[in-house]
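Order as written gives the chain letters A, B and C; numbering starts at 1 within each chain.
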Amino acid sequence: MAIRKSLGRRIGVNLLAWAIGFVIFFPILWTIMTSFKSELDAFAFPPKFFSVHWTLENYKEVLSRSNYPLFAYNSIVESVGANIVGLLIAIPAAWSMAFAPTIVPERKETRMLYAAMLAAILIAAAILYLIGDARGDWRIYGPIVAIACIPVVFWIATRRTPDVLMWMLSTKMMPGVGVLVPIFLWFRDLHLLDTRFGVGFMLMLMNLPIIIWMLYTYFKEIPAGILEAARMDGASLLNEIVYVLTPMATPGIASTMLLAVILSWNEAFWTLNLTTHDAAPLTAFIASYSAPEGLFWAKLSAASTLAIAPILVLGWLSQKQLVRGLTFGAVK
Amino acid sequence: MGSIELQQVRKSFGSVNIIKGVDLQIKDGEFVVFVGPSGCGKSTLLRLIAGLEDVTGGKIVIDGKDATERGPAQRGLAMVFQSYALYPHMSVRNNIAFPLKMAKASKEVIDAKVARAAGTLNLTDYLDRRPGQLSGGQRQRVAIGRAIVREPSAFLFDEPLSNLDAALRVQMRLEIGELHKTLKTTMIYVTHDQVEAMTMADKIVVLDLGAIAQVGAPLDLYNRPDNLFVAKFIGSPTMNIVKGPSADKRGADCVGIRPEHTDISTTAGEWPGTVRIAEHLGSETFVYVDVDGIGPFTVRVDGEAPLHASDRVFLTPRESRLHRFNAAGARIAA
Amino acid sequence: MATRQTMTAGRILVAPSVILLFAFMLAPLVRTLYFSTLHYNLLDGSVPQFLGFQNYVDFLSDPNFIDSLVNTLILVLSVLVISVGGGIFVALLMDQQVVGLNILRLMVIAPFFVMPTVSALVWKNLLMNPESGFFLWITRSLHLPAPIWFTNWPMLSVIFIVSWEWLPFASLILLTSLQSLDLEQQEAAVLDGAGAIPYFFYIVLPHMARAITVVILIETIFLLGVFAEILVTTNGGPGDATTNITFLVYKQALLDFDVGGASAGGIVAVVIANIAAIFLMRIVGKNLEA
């Protein structure tokens, strides 16, 4: 039974809700409207609402004259490509966490031993690494980081699965500026600055914890018995993941992918700091309009509309999953 | 071929011992039922045989070869799960064909085998449906079909009927029994329901707290339970256990007598008592009696018995059907 | 529960993710920590020299740092108040029986999907432009003084933009939480004769408490890192009026090429973010155990 309210109050609530919705949506609406105006109408004061000469001229110009297609292409390649790779890495990891979790904690002494080993090797690796650093020879970092990874992985892999998940999430909480300088120098030395691979790689890393986390929550809903049945039926681990798990989790994987693409598409710290032109996505293209050069508002609006339209559609499609993904499952 | 041998099989999770050293021999073609109360380790034992869990100790020998270290797919066994575990995104046809596809069988072989299994299980008309569109009994058949096409050396059933309603359960019980007669393949069947165990098994394995309480043919277990646990677990209603002078008189710590092996009289007998409730089912009557100095006691009488609550009655056990147990709960031979 | 084989496979399959995150998220952090102890400037070409904590002393005692810290706090707190307060209001409003809720919800959530550079530019040029912006028309129509937004009230302008971006997020999550409120509880409250205001404070707000906390923590983490909006609109100015810590580190690193100082700043930013992160992880972690 719904609670009855007076008609007057209901009309008031409806009007207020729609008014607020309109105000919130207005900047987007105004951008879209402006994108169909001539530059003169766009700049007109007082603003013109309907008595305008509507035109597609701005879109034609943005699409043909500027290098908009390159930026759009970069945005698509980087955000979609990065997350496809991210999914390929994350699906096995999420399978592992959902269906082969480490539950029984190690005995305390064993954990202390691991911790001591880890600390010793990390300190040794750090010293070697800093020596290499001081000599300005970056080639030594890679192998050293790789060696340092071994005990870390060993240690983390023997932790309880919830702890590993939390650790992964914690990397997501680190502000980009904390690693901006080393990543920037790395990219410079490896000639990854302003490459699609480099940007895509960073975007993949940024999203990896969220992708794993979301997939984990979806995989947890699949009964383990079905995967065991596949094992009994002679499926290898690869077959189990490809023919049984993935098709069963398709809706979850799709919404994970949607959210990840949205986040990468709008990511504006690494894309702005690691690109100049060749690999710059739409975020950087739009940012390049920040220095005003005369009457260009209508074109800016057209470019903006083109940049946000695909993601608005994707976002609207995925808004239900969005809450779950963005709050790491804390609000459903 | 489908002989399975367990040698001192143990399983523990952390410090909890679930299976405590089980030795068992299953001959080719036998229908073996693992039965026991929940938590006795029967499902775990089945999963150990299937290879879905590792043994902590001991050996599992299948067809004379040590299979302990082999993965589930390499043991040549097929399993039917309690939840059926059908692949919801595949048609019935593809569900049944899945093990064959994994074994890289040719398309002709797959089609022929799926058709044959579907025919046997009356699923031919449903091959293009999804599991979600089937009834519980049909799903159960698909799960069995998926097991059959592999031509396994043994079938493992993990409480396959517990999700079905009572009528369907009886029907599927018969179907599985017929299947066993047709295929003559070894079957291991886990259930907590002793009626299923008694009706289906060639051999029953009663498990208690991770150890075998008794192995034997259904009627052996009924007639000669090795210990109190089996005596109380097999048979419905459960066996009456009497301690005190009546047991001492017979040279035992306690004696057990089944409700159907107790005579009831309104005039004279060994144990006087008062009827608490009498359940008249027509074909039989269950009488719940409070026996003086002993406590609650169940008696089963064939047909209709003119007894009612608070009637005074006298009970007499049939001496030949009396089971004697020592203080450790073990049977005292006659 | 699974076999050793499965468990081993599990450890192997989780390893690539762990290695990637370790090698490219935590290892660089160690390197940042190391850089933060050096005199290391990419422009002067000198050999890096060990300074100990000097960079931290310099960074923390720099008046710019105090300014940017204050700016960061003002930005984060204002946006939190506006978006959470507004979000509660919008969520409550939308939870009434509103006609066309699905379309309305799409309109309200839309700004969240707009990339930060676009929203910053749209606000700067189409709405807040001092010559022909839409806001000018509103203020003129109402006969109010017309501000030159980014000159007169730079921080307020940035706060408006960022709040507009995050209000939808708060509204959506709070609405989701609100919709899970038990209808029977509502009816019981009505039967008990609770008025709207006690009902809100004793039933609705406690129910939303967890969602509000999550919103606050997640927004805090993102708001500490606000970057594109400042870069596009004010470039940190005028003066340092809109420079937050993220932007200060960016300026030191990529404009002044002062690797040592920027690294010290980066570490300070990490420490500040972690304070919020620890609380968030607790809540999420509890959810995981359940």
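One rule holds for everything that comes next: contacts are C-beta pairs under 8 Å (C-beta built on N, C-alpha and C of every residue); 3 or more make two chains touch, one makes a residue touch a chain.
Remember, predicted model here, so these are calculated numbers, not experimental data.
Fewest steps needed to get from chain A to chain C, stepping only to touching chains, is 1. Closest chain to the protein centre (all Cα atoms averaged), using per-chain Cα means: A. Interface comparison, B-C against A-B: more C-beta pairs in contact at A-B. With respect to chain C, maximal separation of chain centres occurs for B (centres as means of Cα atoms). One simple way to say how far apart two chains are is to compare their mean CA positions; for chain A and chain C this gives 15 Å. Computed from the mean C-alpha positions, the centre of chain B lies at a distance of 60 Å from the centre of chain C.
Averaging Cα coordinates per chain places chain A and chain B 53 Å apart.
In chain B, the residues touching two or more other chains are 13, 52, 71-72. Multi-chain contact residues of chain C (touching two or more other chains): 2. The touching residues of chain A, when paired with chain B in their complex, are 104, 223, 225-226, 228-236, 239, 243-244, 247-248, 250.
Across the complex, chain B is touched by residues 1-5 of chain C. Those residues of chain C lying in contact with chain A across their complex are 2, 6-7, 9-11, 13-32, 34-35, 48, 90, 93-94, 96-100, 104-127, 131-132, 134, 136-137, 140, 164, 167-169, 172-173, 176-177, 180, 183, 186-187, 190, 210-211, 214-215, 218, 221, 224-225, 227-228, 231-233, 235, 245-246, 249-250, 253-254, 259, 262-263, 265-267, 269-270, 273-274, 276-277, 280-281, 283-285, 287-289. In the complex of the two chains, the chain B residues touching chain C come out as 13, 51-54, 71-72. Within the complex formed with chain A, the chain B residues making contact are 13-14, 50, 52, 71-73, 77-79, 81-83, 85-89, 98-99, 102-103, 146, 150.
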